[in-house]
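Here come two complexes built around subunit A, the first alongside subunit B, the second alongside subunit C.
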Partner chain A sequence: MIALLIAAPLLGAAVLLCGGRRLDKAGHWIGTALAFVSFGLGAVLFAGLLGRGAEDRTLVQHLYSWVPVEGFQADVAFRLDQLSITFVLLITGVGSLIHVYSIGYMEHDERRRRFFGYLNLFLAAMLILVLADNYLLLYLGWEGVGLASYLLIGFWQHKPSAATAAKKAFLVNRVGDMGLSIAVMLMFTTFGTFAFTPVLDSVGAATSGAAAPVGEGTLTAIALMLLLAACGKSAQVPLQSWLGDAMEGPTPVSALIHAATMVTAGVYLIVRSGAIFDAAPDAQLVVTVVGAVTLIFGAIVGCAKDDIKKALAGSTMSQIGYMVLAAGLGPIGYAVAIMHLVTHGFFKAGLFLGAGSVMHGMNDEVDMRKYGGLRKYMPVTFVTFGLGYLAIIGFPGLSGFFSKDLIIEAAFAKGGVQGWILGTVTLVGAGITAYYMTRVMLMTFFGEERWRNLPAASPDAPDVEPAAGHGGVPHPHESPKVMTVPMIVLAFGSVFAGAFFGIGERFVHWLEPVTSFEHGHPPVSALTVTAATVTVMAIGVGLAWLHYGRRPVPVVAPRGSLLTRAARRDLYQDDFNHVVLVRGGEHLTRSLVYVDHTLVDGVVNGTAAGVGGLSSRMRRLQNGFARSYAVSMFGGTAVLVAATLLMRAV
Partner chain B sequence: MSFPLLTATAVLPALGAVATAAVPAARRTAAKWLALLVSLATLVLAVVVAVRFEPGGARYQLTETYEWIPAFGVRWELGVDGIGVALMLLTALLIPFIVLAGWHDADPLETRSKRWRPTQGFFALILMVEAMVILSFEATDVFLFYIFFEAMLIPMYFLIGGFGDRAHQGGEEAAATQRSYAAVKFLLYNLAGGLIMLAAVIGLYVAAGSFSLPDIVAARASGELEMGANTERLLFLGFFFAFAVKAPLWPLHTWLPNAMGEATAPVAVLITAVVDKVGTFAMLRFCLGLFPEASKWATPVVLVLALISIVYGALLAVGQRDIKRLVAYASISHFGFIILGIFVMTSQGQSGATLYMVNHGISTAALMLVAGFLISRRGSRLIADYGGVQKVAPVLAGTFLIGGLATLSLPGLAPFVSEFLVLVGAFARYPVVGIIATFGIVLAALYTLVLYQRTMTGPVKPELVKLPDLRVRELAVVAPLIALLIFLGVYPKPLTDLVNPAVRHTMSDVQEHDPEPEVEAAK
Partner chain C sequence: MNPVNYLYLAALLFTIGATGVLVRRNAIVVFMCIELMLNACNLSLIAFSRMHGNLDGQIIAFFTMVVAAAEVVVGLAIIVSLFRTRHSASVDDARLMKL
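Right after this comes the complex of A and B.
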């Protein structure tokens, strides 16, 4: 049953990618249907789990032995529990909706069949990631989603920028993957296995003194390596640089992979490995610091971008920062992190789909400075985007309010100076979130209609998505039903999911058997925290309104302050990478090529020459001598063999 | 006496080679079909060997022993263990694809006279190499092994020097010069290694009084045969040097990029996927089996050289401008992994190394053969001459990508399993070595994806607009290889079952045990 869940989209990917042109007409329906099949199976499994007792909700399905080698056992086994089913429903649910949306969005693309094949491949890999019962199989899903992400970011391969962005995403992720593989190796040498239950149990037993002690240093090392992996996949500092570029992919991809599901895999990894992190407080501290830094980093970048998708990407980074920070807090934070992950999945996917809908109606323009006043032309998009907006800034009553507020409380509850610092950071982050999201909202849907009289700039500049490309003045229009219905469903989730999960701590109790849960005790009352959050949010909204609501937005970006310019360039992190890693690497490889050609080759040849005086002979050999030499050698051997055989016969 | 199956598996392609060479000049196509049929029949025999082989049984099975040169104790002594079976299967499997991929590589050029008949020779030489390689995997007599180890150089030399890649930017003249330079370099490097090995083989006979591998190993294990530490080390070095040239290990690697660059793509596959495997296979069978103490003595140096190979090969692959040389340097990096796995002396490392030999053969074949199809279309090996191919030839680009992903060891494809086993095996004993080797996976992603990006994506180059997609024959070459990569990636058990017992034997030869997990050790 669990395997079928994965098999459905995998089958879809195989059929669509190998099927050839015959399937062009039906491909998108096959892909979408199989995504829904997977969702349906997920729902059935979920119902099955609900029917069991809270402590009895772990199902393990052992399929076969994957890599059986002396002393090394890796199985293809799946594990369904409260944590993984939560992800399954999120992945297949949001995934199915985005499949539907893509039918409309990719309608004019001649390679739509392949697009759906890649989307199905992604679903299958992501399901393997969250359902795997050991770290090696998780690794398979981990790189599988990386591959799908690579293929989808670079879907419009004829654009050099898309191909470069895809390669960059894969490479940066590979650095993270190094962390994951070293973590698995460390587990193997420490515990002799890397299946979830034995590893996590023996960590628990070891720290409680029930079994042989495992050095805290080892556990810290494992935890830090897992964190490195999480940083790569979830675009956390210092491996965040690929996410902004990944927006080169078609917008449904940004919504599904680079907002709702894949980028949250790092959070899943940390929460799943909670026992290890609990036993390694130093590593936990690093996790919270990474989360806090990324939270602010992403938010600052999000404030400065004029490209609507890149602004949202900054926001994604920042929101995942929240989750990572929460996951670093230990049992008070795990369930909260996952809850924010799910609500974020709804509203951020909805926001991206909204952005895609806007672009669809605006000749694929992505520069928000060339939008304005669109609410009249795209009412459905406006309302759904607006609800997503209210959810992400944490407007009281909507889902972001519940989940973010819990994280802020948990951060304060960490206690001591750390708690105050982390709490303040999360609060400030909430303010900046309100600011940049209000900015997006105002620049897109309010204000004057700046797209009416644009300066002669051509709309199909190199960085513009090429699907439609009519040129001229855009005629904003609402998107077809096939696109708006998924947006409405997601908006529904953005509004109510938080309340549904949050009231009575339903979500937290659901996850508790897997992630364990402790109530935090913030130094100030929960009500104060909530009040502070709402106040900070209001300040953020107000400031944005002062900057972008009251004053007209210039079509061409002003030069901006030092910070704005830095933020536009992703705080110069890319430039650093370019200068140090790319240039440095180029010099290194170039000089190595030279060294190999002259030095290594020369020394080896020279030694040979010195030993046997081969060098002068080499020249002669080149004039055909070697050929005759080889012939004579071959002939000689043949004669020898024949002679000995004959001798034996005689 | 039972049917000499192992001998037959090698004699069949050898006879096939003679028959192919004897086909009249005008019947070129018949020669090709004959070669293909012979290679397929050999594959059938190899499969029979694999089926008859019992993984849990004796160490060497299907053994055959005939007296050959009694005066020197040289015997025609064959036998296979699981590792030998796996590599024999790989060889027998790849040759039909190599033949099929090289279908038109030796067609006569119009400028040549009608009496020129390289076609028959080309396919005959390939079959000859197959016979020699299979015998090297089967021989358990050290001298017998040495003969085939050396003899395969001759057909290889002609394949490299006589049938070069026609895609050459310097024109026909430059191609001929470079080709013969590459062929001579190949021959000289390997002959030098072989000569030193010959001395060691004779030395071994003097010390042990026998050429029979099982006898010597048994005698050493039971303590009947004592060998001084210095003698053992010297003999080890003699063997190891020859294998390190063939494998090839840094700094003896420079012949490989030349040879693979100048040879046609199928011959390049023959070099790296088949012939070079004899080197790594022989390290595992002869170096570790005959000289366990010296192997352990040399381990630190070998590991460092293997690490250098991994990182250095990958960095140089990044810097290449020629597609085939890039694949060659990538192979050097992969051979580093194989040798690392052999010498870390853990079960995981050695199983991984053996699987790696098989998987690297398949993945490199897939990547290199598709690259060859691409090169033959455009007539250039330079990466800069390509761009946007996926737009005009999506199937070619897709298969190229899968070959590339296998090269970078993507989980789900066969090479991941072996690479991870080698890494785990290395890490378990030498954590620092394992971590350094892990950098290889990032570099592999770099050179593969840069190659894919520069050739396949971006705007279509004007010269490539009419580039045809893969033809049926070409697809028939690539599709089974890709299917196999996926199959062995998700279900490598058939292969590991074959290899595990053999690895257990090797581990007991060198008297090493896997390091225990920390938790167990503490108990």
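Right after this comes the complex of A and C.
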């Protein structure tokens, strides 16, 4: 049953990718149907789990032995528990909606069948990742996700920028993957296995002193390597640079990467390995710091981008930062992190699909400065996007409000100076979130209709690209039903999921057996935190309205302040990478080439030349005169005799 | 008479022979010089045999004579055939085996 869940999208990928052009007409339906089959199976399994007692909800299905070697046992086994079923429902549910949306979005793309094959592959890899019962199988899914994201980000490979973005995403992810592989190796040498239960149990036993102690240093190393892996997949500082460029892919891909798959993998990894992080407080601190830095970093980047998808990408980075921060807080944060992940899955998928719908109606224009006043032309997109917007800024009553508020509380509850710092960071982050999301909202749907009289690709503004596609004045229109229906469903999720999960702590109690939960005790009352969050949010919205609502938005971006300019360039992350890593790598390779040419080749060529020169000199001795041979014989004998006599004398 | 004097004589004969091998060009003369060196060795072997009071050296000298006789047969045959083909007995003329 669990295996069937994965097999459905895997089968879809195989059929669609191997089926050839015969399936061009029906390919998208096959892909979508199999995604829904997977979702249906997930729902049935979920119902099955609900029927069991709270402590009895872990199912393990052993499929077959993968690598049966003496002393090295790797099984293909799947584990279904509260944590993985949550992810399964999110992945297949949101994933299926995105499949439906893609039918409309990719309608005019002649490679649509292949696109659906890749989408199915993505789902299958992500399902393997969350359902694996050991770290090695998780690694398989992890790499599968990396592969599928590469294929999808670079789907429009005829655009050099898309091909480059795909390569960048793949390479940056590879750095993280290296962390995961090192963590798995460390685990194997330390515990002799990499199945979840023995590893996590022995970590727990070691820390409580029941079993042979495992050095805290080892655990910290494993935890930090896991964190590196999470940073790569979840686009956390310092491995976040790929996420913005990944917007080169088709919009449904962005929605899938940001909401259901890929970036959630890192959070899943940290929460799943919670026991290891609990045993390594230093690593936990690093996790929270990474989360806090990324939270602010992504938010600042989101404030400055004029590309609607890149602004949303900055927002994703920031929201994942919230989750990582929460996951770093230990048992008070794990369940909260997952809750925010699920609600974020709804509203971010909705926002991205909304952005895709806007682009669809605006000739694939992505610059928000060329939007404006679109609410009249795209009412459904406006309402669904608006609900997603209210959810992400944490408007009271909507889903983001419940989950984000819990994270902020948990951050304060960490206690001490750390708690105050983390709490303040999350609060400020909430304010900036409100600011940049309001900015996106105002620039896109409100204000004057700036797209009506655009300066038609004037040569003096080279960074203003001409509107792609048909050119001329765009005719904004609502998207077809096949695109709007998924947006409406996701909007429902954004509105009600938080209340459904949050009231009575239903979600937290559901996850409690897996992630262990304890109530934090914030230094101020929960009500105060909520009030502060709402206030900060209101300030953010107000500021954004002052900047972008009251004044008209210029079509060409003003030069902006130093911070704006820095944020437009992703806070110089790419330049940093270029100077430190690329330049450094070039220097390293160049010096290695120099050493190779001079030293290694020098030794080799020198030996050859020396032997050659010596033998051409020796050759002269072979002159054919018997008497000269006799001289050398006598000489040799004389030397031998002399040596013998000398040895005697000594 | 002191047997060491025989050794001096043997060394002298050996040196003369060696010098002849190195210096002369006529194959016959070189060949005779080789015989001279062989016999110098025989003389020293016998002198040592006398000095040490056992017969080993004399037995080896007999062997040397037998081998030398065989060698003379082969060597003279080579020199004769060399002279027949090249009309010269100079060792320096026969230098085909060179690079």
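One rule holds for everything that comes next: the second predicted complex is superposed on the first by the 575 of 650 C-alpha atoms of A that agree within 3 Å, B and C clash if a C-alpha of one lies under 4 Å from a C-alpha of the other, contacts with A are read in each partner's own complex, and residues count from 1 in each chain.
The rule we apply is simple: a contact is a pair of C-beta atoms (placed from the backbone, for glycine too) under 8 Å apart; a residue touches a chain by one contact, two chains touch by 3 or more.
Quick caveat: nothing in here was measured; it's all calculated off a predicted structure.
In the superposition on chain A, A:Val604 makes contact with subunit B only, while subunit C stays out of contact range.
Shared-chain residue A:Asp177: touches subunit B; no touch with subunit C.
By the touch criterion defined above, A:Tyr139 lies against subunit B but remains apart from subunit C after alignment on the C-alpha atoms of chain A. Of the two partner chains placed around the shared chain by superposition, subunit B is the only one that A:Thr164 touches, whereas subunit C remains out of contact. Note: residues 622, 626-627, 630, 634 of subunit A belong to the subunit B contact set and to the subunit C contact set alike, using the contact criterion stated above. Of all residues in subunit C, those touching subunit A in their complex are 18, 21-23, 25, 30, 91-92, 94-99.
Put simply, subunit A touches subunit B in their complex at residues 17, 64-72, 76, 136, 139-140, 142-144, 147, 150, 154, 157-160, 162-164, 166-167, 170-171, 174-175, 177-178, 181-182, 184-186, 188-193, 202, 206, 211-215, 218, 585, 588-590, 592-593, 596, 600-601, 603-604, 608, 612, 614, 618, 621-622, 626-627, 630, 633-634, 637, 644, 648. Listed in rising order, the residues of subunit B touching subunit A in the complex are 67-69, 147, 151, 153-154, 157-158, 161, 180-181, 183-184, 187-188, 192, 250-252, 254, 312, 315-316, 318-320, 346-348, 351-352, 388, 390-391, 398, 405, 410-412, 416-417, 420-421, 423-424, 427-428, 431, 434-435, 438-439, 441-442, 445-446, 449-450, 453, 456-460, 490-493, 496-497, 500, 503-504, 507, 514-520, 522-523. Of all residues in subunit A, only 619, 622-627, 630-631, 634 touch subunit C in the complex they form.
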